[in-house]
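The structure is given below, and queries will be raised subsequently.
When the chains are written out, they are named A, B, C and D in that same order, and each has its own residue count from 1.
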Amino acid sequence: MIKAGVVGGTGYTGVELLRLLAQHPQVELAAITSRAEAGTRVADMFPSLRRRVDLCFSDPASARLDECDVVFFATPNGIAMQQAPALLDAGVRVIDLAADYRITDIAEWEKWYGMRHASPECVERAVYGLPEINRAAIAGARLVANPGCYPTAVQLGLAPLVEAGVVELGSLIADAKSGVSGAGRKAEVSSLFAEASDNFKAYGVAGHRHLPEIRQGLSRLAQKPVGLTFVPHLTPLIRGIHATLYARVAREADFQALFEQRYAGEAFVDVLPPGSHPETRSVRAANLCRIAVHRPQGGDTLVVLSVIDNLVKGAAGQAVQNMNIMFGLPETDSLWQLPVLP
Amino acid sequence: MIKAGVVGGTGYTGVELLRLLAQHPQVELAAITSRAEAGTRVADMFPSLRRRVDLCFSDPASARLDECDVVFFATPNGIAMQQAPALLDAGVRVIDLAADYRITDIAEWEKWYGMRHASPECVERAVYGLPEINRAAIAGARLVANPGCYPTAVQLGLAPLVEAGVVELGSLIADAKSGVSGAGRKAEVSSLFAEASDNFKAYGVAGHRHLPEIRQGLSRLAQKPVGLTFVPHLTPLIRGIHATLYARVAREADFQALFEQRYAGEAFVDVLPPGSHPETRSVRAANLCRIAVHRPQGGDTLVVLSVIDNLVKGAAGQAVQNMNIMFGLPETDSLWQLPVLP
Amino acid sequence: MIKAGVVGGTGYTGVELLRLLAQHPQVELAAITSRAEAGTRVADMFPSLRRRVDLCFSDPASARLDECDVVFFATPNGIAMQQAPALLDAGVRVIDLAADYRITDIAEWEKWYGMRHASPECVERAVYGLPEINRAAIAGARLVANPGCYPTAVQLGLAPLVEAGVVELGSLIADAKSGVSGAGRKAEVSSLFAEASDNFKAYGVAGHRHLPEIRQGLSRLAQKPVGLTFVPHLTPLIRGIHATLYARVAREADFQALFEQRYAGEAFVDVLPPGSHPETRSVRAANLCRIAVHRPQGGDTLVVLSVIDNLVKGAAGQAVQNMNIMFGLPETDSLWQLPVLP
Amino acid sequence: MIKAGVVGGTGYTGVELLRLLAQHPQVELAAITSRAEAGTRVADMFPSLRRRVDLCFSDPASARLDECDVVFFATPNGIAMQQAPALLDAGVRVIDLAADYRITDIAEWEKWYGMRHASPECVERAVYGLPEINRAAIAGARLVANPGCYPTAVQLGLAPLVEAGVVELGSLIADAKSGVSGAGRKAEVSSLFAEASDNFKAYGVAGHRHLPEIRQGLSRLAQKPVGLTFVPHLTPLIRGIHATLYARVAREADFQALFEQRYAGEAFVDVLPPGSHPETRSVRAANLCRIAVHRPQGGDTLVVLSVIDNLVKGAAGQAVQNMNIMFGLPETDSLWQLPVLP
């Protein structure tokens, strides 16, 4: 059994990680830390876990995370970068669900995240944990930077086109819509039911932290810089991201076949038949990305539709997928549950 | 492997049953019938099942349901009563998720359901499938009448009090609230998003079909007739029932202990600590009933709060639980998934 | 024109009050105060008011509220009781939308609200502002205690029965369901979209602050103490309260006629025909209470269904109605807008 | 008083029109027709209109629509084109809220709407009723084609750029999100609460009927053909459209000023300050379009955000605005109500 620790299990990413780890056949949940909630039974905070997760939150100071095989950081940005180095030194594998190790350009990271990086020397050792693009490197990684939710949906949706070099790289557009759980379990007025329900809005049009992450990922695939306009929106879902992606055709190709071949054999990416419109609920609570590619009226603009559950394939599920790869387990362990519909 | 057939898999109860059966370690899905959708791939109708359920809906006439070990009816009322007798004769076990075999008084059934009963001779052979009350009979049953959603939440919430004879039986009140999936996957104006969202209403106050079913169940437990006022409401949830139950104290007792003892050892009924308020989302997508018992201001009126997912413990999950019992399988097979929260 | 001031206009009650006052033909909005938001343009916080409300929030210290004809307190509990006396001394009429002056028994108030009352001498001068019950007194009032949202729905629903003495007064039950705006515009985890959406729960079963207020109001009508079990629930609506009220028949009467006669001539109470089920959306954004009375299966238990918009008839609309009465204006001024459906 | 008739008042556009007309100071509602509901009281179908709209639906055959001053068609496509000619001959002004007279190219219309046009001779007499673009022509019109909901949001959002010739016209993109009321009050599975709630999806990517309408409108403004990719999405709102519009800069300009000048003096178009993100709820139930223009990271791509209430500025409100213009009334009559927030 793999001994797993979770740092910061009180947010939505944390409770989803607990849900998946508690059902994992090869994992023993060893510790869950939370400074604010030390001593509280996990199941008192999340009644969905009653009678199944019998741990209390423990104080980060006293938890023996260094005795774990793997530690997940489900913390705000800026925590993992302080604590991961010691764990790595102790031989513990680390998966950071926050953004600390996602951007390799330290200055860029510091600009977008507004703080000094505490362990820049670890950044280059970190592997970007998007398995469908980076599986081999993940298998050998000690430190995985788990991708952001928008970056997962957008990169999986554009990767086949960018890798094949069949679209113009200077004017990609990602119009993305996220459920409200993406804002986290923080007490903020803008996330209140009475604010976010029956309401739709864009936000961060001037610049969102996931923009440099997506740009970095696509530029690697293209092996040259890409230009991207990224507009995130808030939509009244609990879970789900729908990315609508626009790209100008640069070279003719069988785009449907391109996607099908690129993701053939992938357990967690499902390319839909031509003419399809994937729904966010078709991946609800499951580690899946469903994709459809369109070319409206046979014009120059391709439209790719890509959906994920932001808490699963966009966060906790992908983290477990990465763990499975790192430990040589079947990639689908604990991730094979069917979506919940309706 | 148990060969299972599903008659009428195109509604919400049907797709939920498919979700659970497809993940059951001991079940092989042999046939799913639908007259209207014969030939359609199940996964084309329900994209959540893509790549996991590879069947097409088959015509009821040609499906070899008599070769199944068990057949589930996820049909409108009035279908099972016509088809079950032949299947039973062929040695097939039958679980009816509709109401055909729930009421033992045929005249009463015909009054509430507005049709003649086609197989009244089977009614007395049918076992009412509420395992926490009726487990032994279910184990030996050939024909199980799976309870309604409201009746499950209400009976589990009142059973300890009624069995122990500690409340007045003449004036029980069940104020129940249901998510909209309870109305089924029928194209009706009243179930439209623009009608049911951001809206709350009671319905059927004059009389709802689940009233005689609940009354019959509670009267059996009390071994005398009970008086019940039952008011169902529609609330903007997809899934979930919350029953708020009111009973006057007839005899003092430790009510909390009464509930805890009654459900000790039950895998799917969770009695919460004193002072709790169970939420419907704490059982979302799981085969669970969570219950809390209150005595406000130490007065004469007990308040019991009981929540289930109407599609799982209130329908498909309970049907699988019944199947597990009928076939001697572990009762939790395929029903051990954690609730999805948030 | 009536010069109106609003203290604490940053919550949902406040913005709703601004919406109504800004459209009132006889009112000039003179000042809106907020310590936290002093200097902020009201329309920057509430974009729905852009180009129509041109005020900034002003500091409570510098606002000349004593020059207003009427001041509304849309503040948390405990503010009006400190500031109202000086305004009253200055000849300003005061309408408190919070609870400071609702309960005449000071000790009872202090127990439920957990603070010392700062102006107990004003409590007996305060008039409870439920116009359909108290209109004459409101007309002459200098200080009005605007009722709570639940108390409005429950009292209007039970008043005809209690006044007529036709139901048992010892065992009334109010099972009430509220939209999430009732919890206010406070940043609290429990009111987040991802917590409150697709979820239903009871809360405060052991005792809610509106219980003594309702009990006081009904006891006045009955001219003797009443016994009430009050269970509030949170339902995924932005606006709306649905009260389901249960009462045992003590004396036979034509209950439908009783309600129709009691509210004949009332502009804001609508008694529905027999067999009706009022929906919360049928009063959305309007100053209305719609009521239906049922006697299921001709039994001993009456069921009354009563719906309001908690922010309008349950708060800001009722406050404007009270103002209209106090100033001798047509009671429907600014309150005659039709509900928004769908 | 203007005598107004409504043909087909049983859908969401119809009830919204009734709400606005019933509150219009210069309008007398003379007749509302519905074949299916003839004889039903309007307020029995729409309880929000109880005690305020006292009409019954009348049979289209017997209603004396030719005695009205204006008749609104709130019907499915294909009805107005049959009935409008006779009314026009009788001197009645006609406003069609459906699509019959929106597209001037008859062949194009017949292709997208899948039927023969019954009164092609009227098409060229019809005035496209987008007041902010076409006000003078509307003032003199006998027959107004009220724009579609998406076309309103998209055209108002792009008009300043297209008229000024500052963007590339060949590659405009409109990524639009609509609430579910846009699908109408039709009993369809895809519009059920349990399907559309907590779900997000694109639809009609291959081609939506509003595409030719938008293209026609923008091409007129540009005085040359424009190329447009239009992707509509369904989002879990009752009301609201959010259009996110992408255009490549062709010529430098002060884009903020361009918008502000273009809509200066418009009562129903509100250009927000730089950096704003309009929310759909900020126009809920109001005849408003709010717009913000962005240029992310100072790049080549402009992003315009445009929100309306699809039932008001996108349908019934715009129809009343057109009526006001046609009859020389103040344009804001009955349209000056503040949005409902929250």
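Some points to look at:
In the analysis below, a residue touches a chain if its C-beta (ideal position, glycine included) is under 8 Å from a C-beta of that chain, and two chains touch if they have at least 3 such contacts.
These figures come from a predicted structure and were not determined experimentally.
Each chain gets a centre from the mean of its Cα atoms; the one farthest from the centre of chain C is A. In terms of C-beta pairs in contact, the better-connected of the chain pairs C-D and A-C is C-D.
Chain B and chain C have centres, each the mean of its CA atoms, that are 39 Å apart. Centre-to-centre spacing of chain C and chain D amounts to 36 Å, using the average Cα coordinate of each chain.
Chain A and chain C have centres, each the mean of its CA atoms, that are 45 Å apart.
Annotation for chain C: residues 12, 179, 181, 185, 194-195, 197-198, 236, 238-239, 278-279, 281, 284, 342 touch two or more other chains.
Chain contact summary for the complex, chain B toward chain C: residues 171, 173, 175, 177, 179, 194-195, 198-203, 205-207, 227, 229-231, 233, 235-240, 242, 244, 246, 248, 275, 277-281, 284, 294, 296-297, 299-301, 303, 305, 307, 342.
Only residues 12, 15, 19, 22-23, 46-52, 181, 185, 197-198, 238-239, 270, 272, 278-279, 281-286, 290, 311, 336-342 of chain C touch chain D when the two sit together in their complex.
Only residues 12, 179-181, 183, 185-189, 191-198, 236, 238 of chain A touch chain C when the two sit together in their complex.
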